[in-house]
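Both complexes below contain chain A, partnered by chain B and then by chain C.
Now for the complex of A and B:
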């Protein structure tokens, strides 16, 4: 047994090819980003060592701050909608829906499997006003709400909410399904015992369900966060960052800085900022779990 | 008195019952509404893909098409290069899936069941990749591919897809393998299996669930990729379906909604078919990362 499982040749064969690909394509570039971030210009073109100057520049860059604000708003509201809404839906399926749960689950999960770009293009047409009304405006104008008809994606005030709504639409099913799964794992006895002790709906949720659901709510938050912190594909497909910079995220700003304007060094600083934000965010969310485990 | 009390009790019971009926109807309405909101946009898109252009200006957007105008699909498929994009996406996705499955099973097995120094380190090293946002690797990777002369080739995408699929897949596979019984392997070894036979005849067949999960999850990620494909290839002949869709509007202008809807529908149809047949697997596969974690 030991001889078979300790076969060095086999281990090398099993591990090394994947290790090489992974190191060159995933690990090395991340390290490399740090190196790039200390240069200005792009490799081969005005490539100059500037030390940490790029990092200082970051917070004086109005475009960066704007993108950061947009990105944070997007993360906050989308997470709230996906996890909060998903939780409400999961509770509804568990306690109120009697028949056809599987069918409902299948339907609700469905938008999750759709390609992001396709959804973005589809919603672009739903919100459309020119050359003809899209689904939403056409509906509004025909039920007598003509005054609500507006260029949803063409004005800064509505573009981001429209984007957030779209991503809640795609993501909420996923979160409701995993939370529903966690709800099913809570034994009926516990819920019944709570009821007998006189817990109303809210108390039942607060004192019994929420603590038991906590780990799943946290991983749901982590998933939602790591999906929204990247904010790229859906925004690109729906609004392309516009109007103006109203929906331009950090990733999109990084992309245009480094690929359109060819400032690879400065782009790398933004890339590293996204990386750190990702780690810090998951760290903060996971902190909620640690505290609870003392009880 | 007693009679009055009984009567009062009866009436509150009745009230409760009507209350229950009202709320159960309300719940049904809410549930139906949720399902409607989830399904209707897709239904609308597919029906709209059969509309001729005059129908858009003549009638409200939500109306059904007059007939089945297949020309939209033909336009999208030929003039919009959807045939090329579709084939490219399929090729890249399938090739990378094969490698992701092979690598994740072999590495996963090596780091959980085989005995060697440093296996925990390697395992953790692979797991770090789950945290890496794609955007962070993008710029150096672009330079690396340029340096290796594989920028704007199929290999740039396939290699990237494989590499970025490894971390999560290995993580899922190791999760399954932890509960994999050692006794079965021991029996096989006593019967004379070497490591390769053990993998082929014992481990892989028993890992079917894990492999299906990895396949489902990674198919979804690779088929949906936009960022890599818009960065690493620029040639129209090499573009994937998602990049194709993005530039499709330019090709057709914003007027030809029918063809745009046809092209979006085409990108969704593989998912639609897969999902209607395998929805249970897909839901399980896609939520596995969250549930197992």
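Now for the complex of A and C:
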């Protein structure tokens, strides 16, 4: 084995095919985006070299700033809900739910496998107000909270929270199953030892479970981050970016700019921004990992 | 040592792999268009050259036509050989596809040397496809396109035939109705037509007669004041006065348009688009304010932004709302007896009420021509002209016989089984003396997007009328940048 790995040709044989494919499908388009970002219009239509003008435009574009804010809010709250909620779920499976554990887990996991568009339709019905009250509004109306009945998806103030709630509902099962798996890996005797030493529930979690779960929580965060930073199909299915720009994400805005407004050049600038945001986000999350692994 | 190098290399690749996961969304924009980009970029330079060439040939052919008189189009069809390529968005057994194919087949009986090829493209891809074909100077003989802003680009590039001149030459100008002609001229901003209509729709308010009766309203409103009075009467009678599909957005902007045109004239939106006025001027803001006031008064019911046009239409037909703004294509829903609970005579129609007849008269309707047909400038020859002559002279009758619909051409026959609603629309179209266009007709996609998206926050009261018009003006400034 050592002989094989010591041979440079052998290494090249293993690495180069993957490297070539990677370069073609990932690195090249990124470079290409950068090249496009210096043109106005779209190829074939008013395609002119404009240098860095598109970049200058970026932060003067109110729509872009709005989309960025929406996207950041969405990432923050959805991640918190999915990972935090998933963790609570997992703890519940481990310590509270005695009978029917599998049934409960299946039910919680079930939304994850539903197609996004179907979930969008489902929640549209739940939040519905016209022509008939949906589940939520008819519930509120029946328990005497008529003044809380709202066009949930029809006003900018509630549309984003409604969307976030839907995506937490979809994603929470996935994260709870991952974290539950990690919880099962923690040996029973450690927990028992903690109990004997007089740990309460919170202390047990803070001093024993959380540190042991850290790698898995970080993975969960990375999954959740990479899922939410894209923010496209669920918003498209539930609200189509509306009302106004209340749920329009960066990728949705990028799509409109590139293909509806025919400004592929400017769209590429937004794409590059999303790319940098991904790198920065992954970097921040991974920082937690590095720091803690020293002790 | 080597092991270390290897480890470093491997970890770089893995790190790259991690980034790749995140990077995929960003690269999609460029990779999606890479294929066409290469071809169009290459074609661009040649297109520029060819446009110049096309302009000179255009001048040359018109001159030649003037010199020789080109030919006499009054006699028998000379049966010229022609392979005619048509690009359409309707399948051969659907909508206008039926008519186009029928005309082609009929024409083959007149001219057996005429063959045609019927190509289909989805309507979503139409603009993309045409701009690619235009860039490579290879437009089909005849193709379906969109009126308004998109066609102007093709006219500017000298890619499509001046159909007005062509019809004059073949002596068949009279077969396209004056209403359709003036509408198409307005939409392209020219004094001749560059396209053939494939529909002629009027828009206005559909109302539920039973609900009007219930609220004690005896006649449809003629003026805007009467209209608002009626809305109030309906509201007071516990009936939802208006249904509006603001989830589809255009349903709401049409209402703003209606008031804008009635108070400022048919060219108000054109002026703002040209920069002669600002979208933030008082008149435009007042129109937006009017719609917001209605929303605040509860005329649209609860959650108007979550209602789409279909739902809004069925609310009218099932008696949940009294008035609904839509175009004459709504008749297909009205003719559907299972959907229309109001019955074959339960729904009526009135035009947008007038504010000041001297600015915008009562016989001026909001109209549109749906999708339109264009001819490639390069491929228009003698045989094309004979075909187009046959086309405009016969499509009016064929459309009336086969579908009972009006396409913007004169017709001499009557459909055998015409419903009351279809007749109603025909009568309204006959009453129209002039036309105005829809809110976004003069806007490019960026401005139109702003107008449509923000109308929802206007209705929900989260954006003031002033801010709404400002957002449209901002989008225009941004797109000009």
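We adopt the following convention: the second predicted complex is superposed on the first by the 267 of 295 C-alpha atoms of A that agree within 3 Å, B and C clash if a C-alpha of one lies under 4 Å from a C-alpha of the other, contacts with A are read in each partner's own complex, and residues count from 1 in each chain.
The definition used in the following text is that a contact is a pair of C-beta atoms (placed from the backbone, for glycine too) under 8 Å apart; a residue touches a chain by one contact, two chains touch by 3 or more.
Remember, it's a predicted structure, so these values are computed and weren't measured experimentally.
**Q** Regarding the shared-chain residue A:271, is it in contact with chain B (first), chain C (second), both, or neither?
**A** In the superposed model, A:271 contacts both chain B and chain C.
**Q** Return first, second, both or neither, reflecting whether A:112 touches chain B, chain C, both chains, or no partner chain.
**A** Only chain B; A:112 stays clear of chain C.
**Q** Looking at the overlay, does A:47 come into contact with chain B only (first), chain C only (second), both, or neither?
**A** A:47 contacts chain C only, not chain B.
**Q** Between chain B (first) and chain C (second), which, if any, makes contact with A:233: first, second, both or neither?
**A** In the superposition, A:233 contacts chain B only.
**Q** With both structures superposed, pick whichever of chain B and chain C touches the larger number of chain A residues.
**A** B
**Q** Once the shared chain is lined up, is A:177 touching chain B (first), chain C (second), both, or neither of them?
**A** The first partner, chain B, only.
**Q** Touch test for A:151: chain B only (first), chain C only (second), both, or neither?
**A** Once the two structures are laid over each other on A, A:151 reaches chain C alone.
**Q** Looking at the overlay, what does A:282 touch: chain B (first), chain C (second), both, or neither?
**A** Once the two structures are laid over each other on A, A:282 reaches both partners.
**Q** After superposition on the shared chain, which partner residues are touched by A:57: those of chain B (first), chain C (second), both, or neither?
**A** The second partner, chain C, only.
**Q** In the overlay, answer first, second, both or neither for which of chain B and chain C A:253 touches.
**A** neither
**Q** Residue overlap on chain A between the chain B contact set and the chain C contact set?
**A** 5-6, 11, 15, 18-19, 22, 25-26, 29-30, 32-33, 36, 43, 130-131, 226, 229-230, 232, 251, 254-255, 258, 264, 267-268, 271-272, 274-275, 278-279, 282
**Q** Across the complex, what residues on chain C touch chain A?
**A** 2-3, 6, 9-10, 13, 16-31, 33-34, 36-37, 40-41, 43-44, 47, 131-132, 135, 246-247, 249, 301-307, 311, 314-315, 320, 444-446, 449, 453-454, 456-457, 459-460, 462-463, 474-475, 478-479, 481
**Q** Give the list of chain A residues in touch with chain B in this complex.
**A** It is residues 1-2, 4-8, 10-11, 13-15, 17-19, 21-22, 24-30, 32-33, 36, 43, 89, 92, 96-97, 104-118, 121-123, 125-126, 130-135, 137-139, 141-142, 169, 173-174, 177-178, 181, 216, 219-220, 223, 226, 229-230, 232-233, 236-237, 250-251, 254-255, 258-259, 264, 267-268, 271-272, 274-275, 278-279, 282 of chain A that touch chain B.
**Q** In the complex formed with chain A, which residues of chain B make contact?
**A** Chain B reaches chain A through residues 24, 27, 30-31, 34-35, 37-39, 41-42, 44-45, 48, 56-57, 60-62, 103-104, 106-107, 109-111, 113-116, 122, 125-126, 128-129, 131-144, 159-160, 162-164, 166-167, 170, 185-186, 189, 193-196, 198, 220, 223-224, 226-227, 231, 241-242, 245-246, 248-249, 254-255, 257, 260-261, 264, 267-268, 271, 274-275, 279, 282-283, 286-287, 289-291, 293.
**Q** Touching residues of chain A toward chain C in the complex: what are they?
**A** 5-6, 11, 15, 18-19, 22, 25-26, 29-30, 32-33, 36, 42-45, 47, 57, 61-63, 124, 127-131, 149-151, 153-157, 226, 229-230, 232, 241-246, 248, 251, 254-256, 258, 260-262, 264, 267-268, 270-272, 274-275, 278-279, 281-282
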